[in-house]
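Before anything else, here is the set of structures, which you'll find just below.
The same chain A turns up in both complexes below, where it pairs with chain B and then with chain C.
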Partner chain A sequence: MSIAARRQAAAPWLLVGPALLLFVGVVLVPIAMTVLLSFHRWGQFTGIEPVFVLDNWIEVAEDPYFSEMFLRTFRISVIVTAAAVLLGAPEAYVLHRMRSPWKGIFLLIVLGPLLISVVARTLGWALLFGGETALVNLALLRLGVISEPLRFMFTETGVIIALTHVLVPFMVLSVWAALQRIDPRVDDAAVSLGASRVTVLWRIVLPQAVPGILGGAIIVFALAASAFATPAIIGGRRLKVASTLAYDEFLNTLNWPLGAAVAVLLLIALAAIIIGANRIVERRFAQVFE
Partner chain B sequence: MRGNGFLALAFHTLFIIFILAPIVVVCVVAFTPEGFLSYPTHTWSLRWFKAIARYPEFVDAFFASIWLGLLSSAISVALSVPAALAIARYRFRGREAITALFLSPLMIPHVVLGIAFLRFFTTIGIGGTFLGLVISHVVVVLPFALRLVLASAVGMDRSIENAAISLGASAGTTFRRVTLPLIAPGVASGWALAFIQSFDEVTMTVFIATPGTTTLPVRMFLYIQDNIDPLVTSVSACVIALTVAFLIVLDRLYGIERLLAGREVREDDR
Partner chain C sequence: MSALTLEGLSKRFGSHSAVDGVDLSVAEGEFVSLLGPSGCGKTTTLQMIAGFVEPSAGRILLGGTDLAGVSPSRRGLGIVFQSYALFPHMTVAENVAFGLEMRRVGRSERDRRVRETLALVGLSGFEHRFPRRMSGGQQQRVALARALVIEPSVLLLDEPLSNLDAKLREEMQIELRQIQRRLGTTTVLVTHDQGEAMALSDRVVVMNAGRVEQIAPPHEAYERPATAFVASFLGKTNLLRGMVERRAEGSVFTVGGSDVATVEAPPGPCVAVVRPERIALTAPEEGLRGTVAARVFQGSHWMLHIDTQAGPVLVIRQNTGGAVPGEGEAVGLVWAEADMALRSEVAA
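Moving on to the complex of A and B:
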C-alpha cells in the first residue's frame, strides 16, 4: 500500500477516533462493569463482595415481587403505546391537512413540550390529579361522567395518562414525517375517481402512514418502559416500575448488585422486544419501506 | 383534499387542551398568593417567584445546569463534526457498528446509563465530581448533535470542496472556509438540541449527582419527591418560560419538526 493510500485508509479512523475512544471507554466498559456487578454478592454489613454468583438473578427470577413489577412496567408501556397511537396518529393527520400559518403554530405547540423538562410536565399532572388543584376530577364531576372523584395519584391510571402526555409528541412526529412523504396527487386522483373521504383515508392515507405509526410505537414503547421521573412522581413509592425499583436498590437500600440485575434485565428485555418488533415490521412491510 | 372537517377540529381542540393543560396549570399555580397550592382566583402574586432567591440550592443548581449544558453540548459537537464527516464520506469497516454505537444512548434506558456511570465513576475515583457529570452528559447528548450534523454532511455538495482544493486551498483552509460554513446550520441546530437535552436530563443524572454537584431538574425532582409546594411550582414555571423562549427562537431559525426528526435543516417551505 502506498503512503497516500494508507493515509486515505487512516483518515476515517482519525476522524471518528476521539468519539469512538470516549464511547468505548465510557459506554461499553461501564455497561460491561454493570453486567459483572449483577453477579456480585451484597451483604448488609459486608457491602459488595467481588465474587461470581447467581444470587441476584435467582432472586429476580423467583421472587414474585420482581415479576409483578416487570409485568406492571410492560402493561403500562403497552397501554401508553396504544394510547399514543390512538391520539397521536389522528392528530398528525389533522396537522398534515392544516394550512399555514396554523400548521406551523400547532406543530410547535404539539412538539415543543418534548423539549420542556419532564419534571415540570409531570408536576403539572400531579397538580391536576390531586389536592386543591385537582381540575381533572372537578371537570369529570361537572360533566357528569363520574359521580365520585377518581384516584389518579399513586395509581397506574395516573401514570399512564401522564406518560402518554409525555410521549405522544414522538408519535405525532413519526406519523407526521411519514405523511409528508405522501404525494398529495394520489389523494386527488382517488377523489377524482369517485372515492369517498373515508375510502381515501382507509385505502390511501392509512397504508402509507403505517411505517410512521410502527416506528413511533417502537420509540414510545421503549421510552415508556424505561421512563423514570414520571412513574416516580405520579406512582410514588408504592407503585414501582423497573427503573424506579433499580433507583431504590441503588440509592436507598444500597444493594447495588441487585439493582444492577434489575437494570440489566430491563436492558435485555427492551433490546429483545425492539429487535423482535423491528424484524416483524421489516418482514411484513418490506414493500412499504422501499 | 385540504382542510379539516368539524370532527377533526373537535378532536384537535381536545388534543391541544390535553397537551397544554399540565404546562399551563404549573404556570398559573405559580402565581398563587397563598402559602399552599391553589389557583390565584382573586389576585395574582409574585410571592413565590421572589421566594426562589431565598433558596440558593435552586439558584446554584440552575447555574450548574447552564454550565453543564454549555460544556457538554460544545464537547459533543466538537466530537460529532469529524465523526459525522467520516461517516458521511468514507466507507470503512465497522462504519455501521460505530454509527449504531454513537446513537445507542438514544435507545439504552437512561436508568441503565446512570447505574453504569455511577459504578464506573466510583471505581475510577471521579464519583460525585463535575467532571463526571460533563463526561456522562457528553455521551447522552452526542447522538442528538451527531444526527443533525450527519444530516447536513450527507446533503452537502462536495463539488464546492473539490473546487476549493483544485484552486490551491489547503485541507485546513477548505475545512474552515468551505466545509464548516456549509454544514453550519446542522452544527448550530445540533448544538442547540444537545444543550437543551443536557439541561433537561434527569433520569441518568439523578444517579451521579451529589448534593454538592447537582442540576436543576434533579434538584426539582428530589424536592417534589418530598413534597409539592408553590415554590417548586414557580421554579418549574421559570424553567418552562425559559424553554419556551428558546423553543420559539429555534423554531424561527430551523423549524422544530426538522430539529426533532433529525433531518437536514434547509431553507424550504414548511
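Moving on to the complex of A and C:
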C-alpha cells in the first residue's frame, strides 16, 4: 500500500477519533464498570469486595421486593405511554390542521414546557396534588366529580399523571412530524371518492400517522421507564420504581453492587423492549413507508 | 345536453382575480383541456369543479344540476392528482376499491370491478403491491384506475403526466386517449404542456391571467389563433410587423421593405403570425432577406434561426435529406397568404 493510500485510509479514523474517544470514555467505560460492579460482593462492615460472584443477581431475581419494583415500573411506563398516545396524537392532529399564525403559537405552547426543568414541572404537580391547598382535589370536589379527596401524592396515579404531562410533548412532536409528511392531496383524493371527514380521519390519516405514534411510544416508554426526578418527587420513598431503587441502593444503603445490578437490569430490559418494538415496527411498515 | 357547464365562473383571492368569468360547456364524452401557463387559473378552475375551492361568482352545472353547496364527496367526480395522491398504506387493489367501498358496493362486485379496471390500465397482477414499490408510471395508472372504477360522470385530470419522463409521457398520452375513447368518460384535463393538450383533446381552452383566450379544437386553435397570446403559447410562432401596400397588380404584404406575399387585405400596418414550418426558403434576393444565425439539428427536422430586417425569424425544415443552408448563408423567406394570420394594427 502506498503512503498516500495509507494516509487516505487513516483519514476517516482521524476524523471520527475525538468523538469516538469521548463516547468510549463517558458512555462505554462507565457502563462496563457498572456491569463489573454488579458482580462484586458488598458487606455491611467489609464494604465492596472486588470479587466475581452472582450474589446480587440472585438476590434481584429471587427477592419479590425487586420484581414488584420492576413490575411497577413496567406498569407505570405502559399506562403513561398509552395516555401519551391518547392525548398526544389528537393534539398533534389539531396542531397540524391549524392555520399559519396559530399553528406556530400553539406548537410553542405545547413544546414550551420542555424548556423548563423536569424538577420544576414536577414540583408544580406536587403543589397541585398535595400541600395546603391541594388544588386538584379542590377542583374535582367542587365540580362534583368525586365526593372524597383522592390521594395523589405517593401513589401510582400521581406519578402517572405527572409523567404523562412531562412526556406528552415528545409524542406530539413525533406524530406531528409524521403528519407533516402526508401529502395533503391524499385527503382530497379520499373525499373525492366519497369519504366523509370521519372516514378520512380513521381510514386515511390515522394509518399514515401510525409510524409516528409508534416512534413516539418508544420514546415515551423509554423515558418513562428510566425517569428519575418525577417518581422521586411524586412517588417519594414510599413508591419506588427501578430508577429510584437503584439510586437508594447507591446513596442510602451504600450497597453499590446491588444498585449496579438493578441499574444494569433496567438497562437490559429497556434495550430489549425497545429493540424488539423497533423490529416489529420496521417489519410491519417496511413495505408501506420507506 | 352538456355534461358539464361553467357559467361566469370566478374566483377572487383578496383583490387578486385568479379566475375571471369562465364560460365553458363540455359535451357528453368530450375530452377538453384547460391549457395555460402557471398561474393562469386553470388549476383553480379544476378545484372549483371538484369542490375543494368555493367559487366567488358563477355557477357549475353537472348534467343540469347546480353543484353549489354540494360537498366534494357527493359530486361523484373522478380526480387524478399531479402527485397521484395514492393511499400509501393500502395495496393497489385496496386503493382502487376505496371508492367502491364508500359507495357500499358488495364484495364480489367490488372485486370484479377492481380486477377489470386494473386490467384496463394494464396493471393486472399488481393487486397486492404497495404504491411506494412502484414506478411513477405505474402509480399514475393506479391513480387513473382509482378514479375510473367509480364510473365518474366527469373525470378531472390535474397535470397527470407532468411527473413522468418524456418517453413515458408520450406512451401514457396515447393510452389515456384510448382508455377515454373506449369508456366515453367526459374528461377535463388541466395542463401547461401545449403538446399534451393538443395530442389528447377534442377541444382546448387556452387560458391566460384567469380569462379564457380561445376555445377551439386543437388544430383550429393552432392554425387560427384568436389572440397573440394563443399564437405564442400554442407551438412556436413568428410575429412579424409589416405593411399591406396596394399595388397595380393587387395588395402585397411587405416586411422591412421586401415583398413577401400577395394578400387580400386593406392597406395599413399589420402583424403577421406565421408558423415556422410554413416558411419557405428561396433565393437570397427574393422575399424577406436574412442570414442564418444558427442551425440546430433535431433529428426529424432542422431549426433555423434567421436574422432578418424585421428581427429574428424561426424556420423549421423537415429533414428530407436535401441541402439545408449553413450558418452565415444568406437566404430569402416567403410564404403563402393561407399560411399566415394577418391582423391590422390599430394606431401602431
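Just so it is clear, the second predicted complex is superposed on the first by the 286 of 290 C-alpha atoms of A that agree within 3 Å, B and C clash if a C-alpha of one lies under 4 Å from a C-alpha of the other, contacts with A are read in each partner's own complex, and residues count from 1 in each chain.
Everything below uses one rule, namely that a contact is a pair of C-beta atoms (placed from the backbone, for glycine too) under 8 Å apart; a residue touches a chain by one contact, two chains touch by 3 or more.
For clarity, every value in this text was computed on a predicted model and none was experimentally measured.
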item: Fit-or-clash call for chain B and chain C when the two complexes are aligned on chain A; value: fit
item: First, second, both or neither for A:R185, with chain B first and chain C second; value: second
item: Geometry of the superposed three-chain model: angle at chain A (Cα centres of chain B and chain C, steps of 10 degrees); value: 80
item: Touching partner for A:Q208 - first (chain B), second (chain C), both, neither; value: second
item: Touched partner set for A:A195, first chain B, second chain C, both or neither; value: second
item: Dominant contact partner of chain A by residue count, chain C or chain B; value: B
item: First, second, both or neither for A:L115, with chain B first and chain C second; value: first
item: Chain B versus chain C as contact partner of A:F23, first or second or both or neither; value: first
item: Chain B versus chain C as contact partner of A:A260, first or second or both or neither; value: first
item: Shortest CA-CA distance in Å separating chain B from chain C in the superposed model; value: 9
item: On chain A, positions contacted by chain B and by chain C; value: 188, 191
item: Chain A residues touching chain B - in the complex, by the definition given at the top; value: 9, 11-16, 18-20, 22-24, 26-31, 33-34, 37, 87, 90-91, 93-94, 97-100, 103-104, 106-128, 131-133, 135, 162, 165, 168-169, 173, 176-177, 184, 187-188, 191, 197, 200, 222, 225-226, 228-229, 232-233, 242-243, 246-247, 250-251, 256, 259-260, 263-264, 266-267, 270, 274
item: Residues of chain A that touch chain C when the two form their complex; value: 183, 185-186, 188-196, 199, 203-204, 207-208, 210, 287-290
item: Residues of chain B that touch chain A when the two form their complex; value: 1-5, 8-9, 11-12, 15-16, 18-26, 29, 36-39, 79-80, 82-83, 85-87, 89-90, 92, 95, 98, 101-102, 104-105, 107-113, 115-120, 123, 135-136, 138-139, 142, 196, 199-200, 202-203, 206-207, 217, 220-221, 224-225, 228, 232-233, 236-237, 239-240, 243-244, 246-248, 251, 255-257, 260-261, 263, 270
item: Touch list for chain C against partner chain A, complex; value: 50-52, 71-79, 81-83, 85-89, 98-99, 102-103, 130, 132-133, 146, 150
